[in-house]
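As written, the chains take the letters A, B, C and D, and residue 1 is the first residue of each chain.
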Amino acid sequence: MLEELKEKVFKANLDLVKHNLVIFTWGNVSGIDREKGLVVIKPSGVSYDEMKASDMVVVDLATGKVVEGDLNPSSDTPTHLVLYRAFPEIGGIVHTHSTYATAWAQAGKDIPNIGTTHADYFHDAIPCTKDMTENQMGEYEKETGNVIVERFKGINYVHTPGVLVKNHGPLSWGTDPDNAVYNAVVMEEVAKMAFVSFMVNPDTTMNPLLVEKHFSRKHGPNAYYGQKK
Amino acid sequence: MLEELKEKVFKANLDLVKHNLVIFTWGNVSGIDREKGLVVIKPSGVSYDEMKASDMVVVDLATGKVVEGDLNPSSDTPTHLVLYRAFPEIGGIVHTHSTYATAWAQAGKDIPNIGTTHADYFHDAIPCTKDMTENQMGEYEKETGNVIVERFKGINYVHTPGVLVKNHGPLSWGTDPDNAVYNAVVMEEVAKMAFVSFMVNPDTTMNPLLVEKHFSRKHGPNAYYGQKK
Amino acid sequence: MLEELKEKVFKANLDLVKHNLVIFTWGNVSGIDREKGLVVIKPSGVSYDEMKASDMVVVDLATGKVVEGDLNPSSDTPTHLVLYRAFPEIGGIVHTHSTYATAWAQAGKDIPNIGTTHADYFHDAIPCTKDMTENQMGEYEKETGNVIVERFKGINYVHTPGVLVKNHGPLSWGTDPDNAVYNAVVMEEVAKMAFVSFMVNPDTTMNPLLVEKHFSRKHGPNAYYGQKK
Amino acid sequence: MLEELKEKVFKANLDLVKHNLVIFTWGNVSGIDREKGLVVIKPSGVSYDEMKASDMVVVDLATGKVVEGDLNPSSDTPTHLVLYRAFPEIGGIVHTHSTYATAWAQAGKDIPNIGTTHADYFHDAIPCTKDMTENQMGEYEKETGNVIVERFKGINYVHTPGVLVKNHGPLSWGTDPDNAVYNAVVMEEVAKMAFVSFMVNPDTTMNPLLVEKHFSRKHGPNAYYGQKK
């Protein structure tokens, strides 16, 4: 069942290790089959060394029930499901505790868009969610999804494919699991660069016109970066 | 004698190198056999390249005397023994000079609990010990153990399995040598993240309710992270 | 056509990966054949893993037209061409998004010359360009070249072979593609060192006489570093 | 001639690369045969990849003349010679541009002794030299040695085996080339730790009694670290 998607999700999880975004079991990637309404996700607490493609767990998008798999799905599965329901154009989701993005999340600050490395992939500041209320902590992982969706009111989730969950860490998404991993790598890199920039110059800013210019080099009808396909 | 524990302690010492927590001989791991009242520890000043499992030294918990082994035990052995006596539930201890945790120890500051990466493994701030008095320096390593035990008055050592020794460096512990190494890796990572968070936002804080929520995801009767065993 | 130069440009592009200056496709190297008036450059958006020497694109210096190659040249090609025209003594150009140099570029600050590591290769501060005007963003890559050339009025581009493009990242150049990569490595290293120096001492400065001394150890008629050739 | 010392100096130079203290040709190690009054040193500007033990250059301690070797000795040779003459107990010298130690040197600040990692190997703060006068720059490398010797008036060079040359970088020394490399690694690590400590707490200090205690664990008649020999 969904062997091809399982293989992609499995490989994308290993890529988190390759890109130094996770240690131990501190991350997870999922992918979705929109037609079938099924999500494939990493099992909970299984080490990357021992994981096999066949360990990936299949979960029903609508009900959150496990449809196939012997292992528990990632404890963050409810967060992924909320995002897949609210953001219909995304095909993959990544969560990590990568060092610099997590540090910004802990600090409770958006990562401002101050460079073209950021603007090439994220149109806006990478937003940080608000504090959860006590009530929301009952179903923590589901409510994590909800505070993200709320934070994106007025923000285009396709153009800014990532978020910082306050005091927790980053999530990113994309057209498929690979693209979501790519955006996780970018987020960690821009988080590190922005840290250094603000240390060097606390008043760092970027001309919004330059943001538009760079973002549109790679996105939209007038994109001209890369090879024609 | 204690061949299995020697193998575990040996392997855990090598894992310090693998996780980039030590250079040269700057770290040590021990493990305990509670029934026999014996501690197995790395020999002093032996390089990780040349060390063999059979070089591990067996020390009596009660007397501190070497029971087996041709080499001197780690000069930090008296610290380990004090902790094993005061903290009856721990099975392994690690000491390193890992960069960021040591930097916080030098700074004489607790590492505040400001994120779920921290709260998943350490319930409270990772505490930093007080200055030693001149008298305490006579038996420095033993007194290092004593100032740690004193610092944990009112802190649950099982829920917060690590400490910073002021102007020195971190110690961590766990259910066995492996788990103590795991906690040493976590401590170094949260030390680095917290450094960056406070640079980005000096007023960083975390809602205590979120600490409880995250800690209880992985600990206690309602834990739901990982696979059932 | 230009097989030897293609091989050099190809290899120099791979060296960016080896020196940890680029991830994904975030960098490009070009080289020039001054006699033929032709520039060889990396194709746009092609990953370093899959790239072959024969994928390098040949572009006419005067017209910017592709003379040979099936792939689109780097989208930064117009920047390279402006620099080759304005700086007749350079034989290779590198653009990266290396972490610390990019952070300084985002901060909009020149990297001051505060050490001999800098002075050995860059006589002056590594200058940061001004903000572009809205008009200049129409032909962004060409205008990037123009703001660089304008910034070097009064600066010797041979003695200070690199620049920070504001809110974007570094470019460096040299006698050939290899030498341009060398200067890119130096720029990233001095960017990191200068970040730390200014954190440790905001009032860091360097005696200009020491700059002259160190620069002339390696450059000019009285150079005495290295082996006679 | 001096084949054994050449081999040691050669290997110690390669260890600089292994310990990530140098890139390109940015470092050098020498060793001395005190009986013969000869110094063996790395050739100038030769890359570590291509270097052979037989490329090491033999220089006369008294005259500075090359006694054996086809290549120019390191341009820093006059600095090494001044130190060997002034510090009769040292057997090896290392110079690098390692990132954090160089950053402190650029900042013109001593690295304060704020932790046992430092105190285990360096009794005092690692001192930074004063600015050179214009006159001293004529024979820059020789005068570099002289400003170091001057800075050590009142400091025991055996107990504090390293220095920061202002706006330049670190030098360290030891009983032989290996020991000098060891001290260079320690210096880089304590430079990084101290940077982080002072960011976390600008008022970081260390009790001088703790310095004495730690230094004497590894040095002097009452040392008890490591194995008896």
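Criterion: a residue touches a chain if its C-beta (ideal position, glycine included) is under 8 Å from a C-beta of that chain, and two chains touch if they have at least 3 such contacts.
All values reported here derive from a predicted model rather than from experimental measurement.
Common neighbours of chain A and chain D (chains touching each): B, C.
Touch-path distance (fewest steps) from chain A to chain C is 1. In the CA-based superposition of chain B onto chain D, the rotation angle is 90 degrees, rounded to steps of 5. Each chain gets a centre from the mean of its Cα atoms; the one farthest from the centre of chain C is B. Counting the residue numbers that touch the partner chain, chain A and chain B have less than half of them in common.
The distance from the centre of chain C to the centre of chain D, each centre being the mean of the chain's C-alpha atoms, comes to 33 Å. For the pair chain B and chain C, the distance between C-alpha centroids works out to 46 Å. Multi-chain contact residues of chain B, defined as those touching 2 or more other chains: 195, 198-199.
The touch graph of these protein chains is a ring, one cycle where each chain has exactly two neighbours. Across the whole structure, chains are in contact as follows: A-B, A-C, B-D, C-D. Against chain C, in their complex, chain A makes its touches with residues 19, 114-117, 182, 185, 189, 192-201, 204, 206-207, 209-210, 213-214, 217, 224-228. In the complex of the two chains, the chain B residues touching chain D come out as 23-26, 43-46, 71-72, 75, 97, 99-100, 102-109, 131-132, 134, 137, 140, 167-169, 195, 198-199.
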